[in-house]
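One structure is given below, encoded as structure tokens.
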Amino acid sequence: MGMPMKIRAGLKDGVTEVKILMQHEMETGLRKDAEGKPIPAWFITDVLAQYKGKTVLDAQFGQSISKNPYLLFRFKGGAVGEKVNVSWVDNKGDKRSDDGVIA
Amino acid sequence: MNVEVNLDRRNALKAGGGLGLMALFGAVGLLSSKAALAEWNKTAFSAKTMDEALAAMGVSTAESNAIFIQLTVPEIAENGSIVPVSVTSTFPNVEQISIFVDKNPSVLAAQFNIPAGTESMVTTRVKMGQTANVVALIKADGKFYRTAKEVKVTAGGCGG
Amino acid sequence: MNKKSIIGATLALSMALLANASWAVEVVTLEAKAAAIIKRDFRDKGIAKADRVIQDELQASCSKYLDNLPAKLNDKIKAQQEAVMKYPADGVYMGDWKAGEKLAQSGRGMTWSDKAEEQPGGNCYNCHRLSSKEIAYGTIGPSLLHIGKDRGNTVEIQKYIYGRIYNAKAYNPCANMPRFGHMGILGEVQIKDLVALLLDPESPVNK
Amino acid sequence: MTTSNLMKVILAMALSASFAAVAAEPEMSDSDRIARYRDMISDGNPADFDEMAGEELWKTAAGPSNATLEKCDLGKGPGVVKGVYAVLPKYFKDTDKVQDLESRLVTCMVTLQGFSEEELVKKPFSTEQKKSDITLLTTYVVGQSKGVKMAVALKHPKEKEAYELGKVIFNYRAGPYDFACSTCHATNSVRIRMQDLPNLNVKSNAQSAYTNWPAYRVSQGLTRSFQWRLNDCFRQQRFPEPKFISETTIDLTMFLAVSANGAPYAGPGLKR
């Protein structure tokens, strides 16, 4: 089970802005540890954001996304007090799902 | 489960999220790792050059356009491990936004599928091993467009 | 001047003296106390041994006077530093500017995370502008861009630059710049390479 | 082309026109560009996660005494976390010492939870392998002072002395490079490589520098405490290692914290 995300969602002029901060190492697989052994690649591959069961963003990541990935996007609609659900899965099959309440 | 894995995720998306995989995601609120991995474009994300990556994504031509694609990156990044990238497109019917770093070991950083109702705008952060071009690729009405900007990655701190 | 004002002036003067004296005592006490605390609070780590916090006369004086030494003390310390200056025995001051550029780029060396066997860098770009191609340069020291072009490349200039890198304190006792040669941070070969980086007409510093 | 698409095109043209106007503005300096970079990464600080983890630690019973830290007196009475970072370092009667946040947390972990001080100070900083509990707790506590104006007092004689000693330590030149803190931090508008250096003798500089620590260090992927910051300063000064929560580090912190008085605390920050 992955570590919790931080999701902030705000409604303005009929558009919901979603900011997501995920906790993940995002190892490229190219780094070496102190003993010179390669650190295996470990990164989020897929992110899905949904509002009321409908997909509002569908992302795929590669090794070049920064540690603790950050995402910002906007979708039309949304209502204060409703939830935006975000889930991710990484290349090892680990996953995480969290909700952010629209403010 | 097997049936769902074999479903084309793109088609599932277009069907409006009420079928197959999307129903599963909606109900569980979690991505099915198996399904997701099957979908993840391994060839494109492992590509070492822009040409390889574009080929893996089925892009034969991508017209250069800096007017309808706004790519916002810092001119200088104090640290290559976080480089903020924002892509906004004013093309109608944007379906996909992709971000590349042309000198990274794997050039494709991220690909975003933009469903109807979601603005054609996304901000994220990428790693850059050295000074390089950040490339934004947009798919709109089935056609591809691109723009690029250079980000200088500098030596930081006292170096120790 | 009437009597009252004389008394007033004397009083003011003696009060000023008193204040001054107690201030001086206070400072000495604080400095000694701080030095004792520092000596107690630091420990060996890697190549950085605890005795590094013990000040030499130059360091103690510059600390005490916030880098503005009284003239007499300034002359004394400058003379001490001049006396320990060492120039290359072969009379050659310039080496390879390419090796010099590499050294200038490196900010490593002498910290507890550095290794004893590694040659410390020159740390030059940390504080100085050198090659016009490097935009990530510091500004604590003056810009050295085009220094060779502007000052020429005579043996006198070469020797002067060598000396400034070997021991900047022989020119200005409380300079920010480390005493690279005197403190054993850089050897003769390294300093020569840096002189070349600064003065060689082919060096990017002079392009 | 539909009407709405036409609107998009017009909007795009207007946007590109305004972009052209931006480009025509006078050259940005490299420092402006760096400032812009910092501004662009300022949203979404991973230190938030450490604040959350630290709060969990604060409220969870631990140690040989199996107690939480909820009765810990950080300077505003037992259990008060809100705003305490803005009054630290401070003199504490029970220990008869001036203490900064990290040393006070150690005191509480020893007295309330029964940990051994010797063990606690052995590995006080986070590493890639393991985050430090003291740093996580610190991150939580400082987050509870966001927006609170720095008001470090110099009332007790020991507080005054710590400040005066801190000032001397700030100017103490030693080591193979002859460096003091002041070598890099007592001049206006200078930089090392691309990093602007705050002149800590200037109030506004000292305020923005101090109130943005602790901070998440992008280059290390970890949240770093103020004790760590000073430790790394001494490393770069080519000094030996200052002992964790030693008087030297606390006196220096006192000097810097007082210099920041009056400014709202803005951390945990986000740094290169």
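Order as written gives the chain letters A, B, C and D; numbering starts at 1 within each chain.
FYI, contacts are C-beta pairs under 8 Å (C-beta built on N, C-alpha and C of every residue); 3 or more make two chains touch, one makes a residue touch a chain.
Everything quoted here is computed from the prediction, not taken from an experiment.
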Across the interfaces B-C and C-D, which one involves more C-beta pairs in contact? C-D
Chain at the geometric heart of the assembly (C-alpha centres): D
Among all other chains, pick the one whose mean CA position is farthest from the mean CA position of chain A. C
Whole-Å gap between the CA centroids of chain B and chain C: 50
Cα centre of chain C to Cα centre of chain D, whole Å, reads 29
How far is the middle of chain A from the middle of chain B, if each middle is the mean of its Cα atoms, in Å? 14
In whole angstrom, the CA-centroid distance of chain B from chain D equals 35
Indicate the residues of chain A shared as contacts by at least two other chains. 67, 70, 72
Find every residue in chain B that makes contact with two or more other chains and list them. 76, 81-82, 84, 125, 154-160
Can you list the residues of chain C that touch 2 or more other chains? 107, 111, 113, 125-126, 135-136
What's the contact topology between the chains, one of line, ring, star, complete, other? other
Set of all touching chain pairs, with the criterion as stated earlier: A-B, A-D, B-C, B-D, C-D
Residue ranges of chain B touching chain A (in the complex, touch as defined): 9, 13, 16-17, 22, 25-26, 28-34, 36-37, 39-41, 45, 81-84, 86, 101, 104-115, 117-119, 121-128
Touching residues (chain side chain B, partner chain D) in the complex: 66-68, 70, 72, 74-79, 81-82, 84, 90-92, 125, 154-160
Give every residue of chain D touching chain C within the complex, in rising order. 30, 164-165, 168-169, 171-180, 182-184, 187, 189-194, 197, 234-236, 238-243, 246-249, 251
So in the complex, which bits of chain D are touching chain A? 43-46, 48-49, 52, 221
Give the list of chain D residues in touch with chain B in this complex. 1-2, 4-5, 8-9, 11-13, 15-16, 19, 28, 30, 33-34, 36-38, 40-41, 192-195, 218-219, 221, 235-236, 272
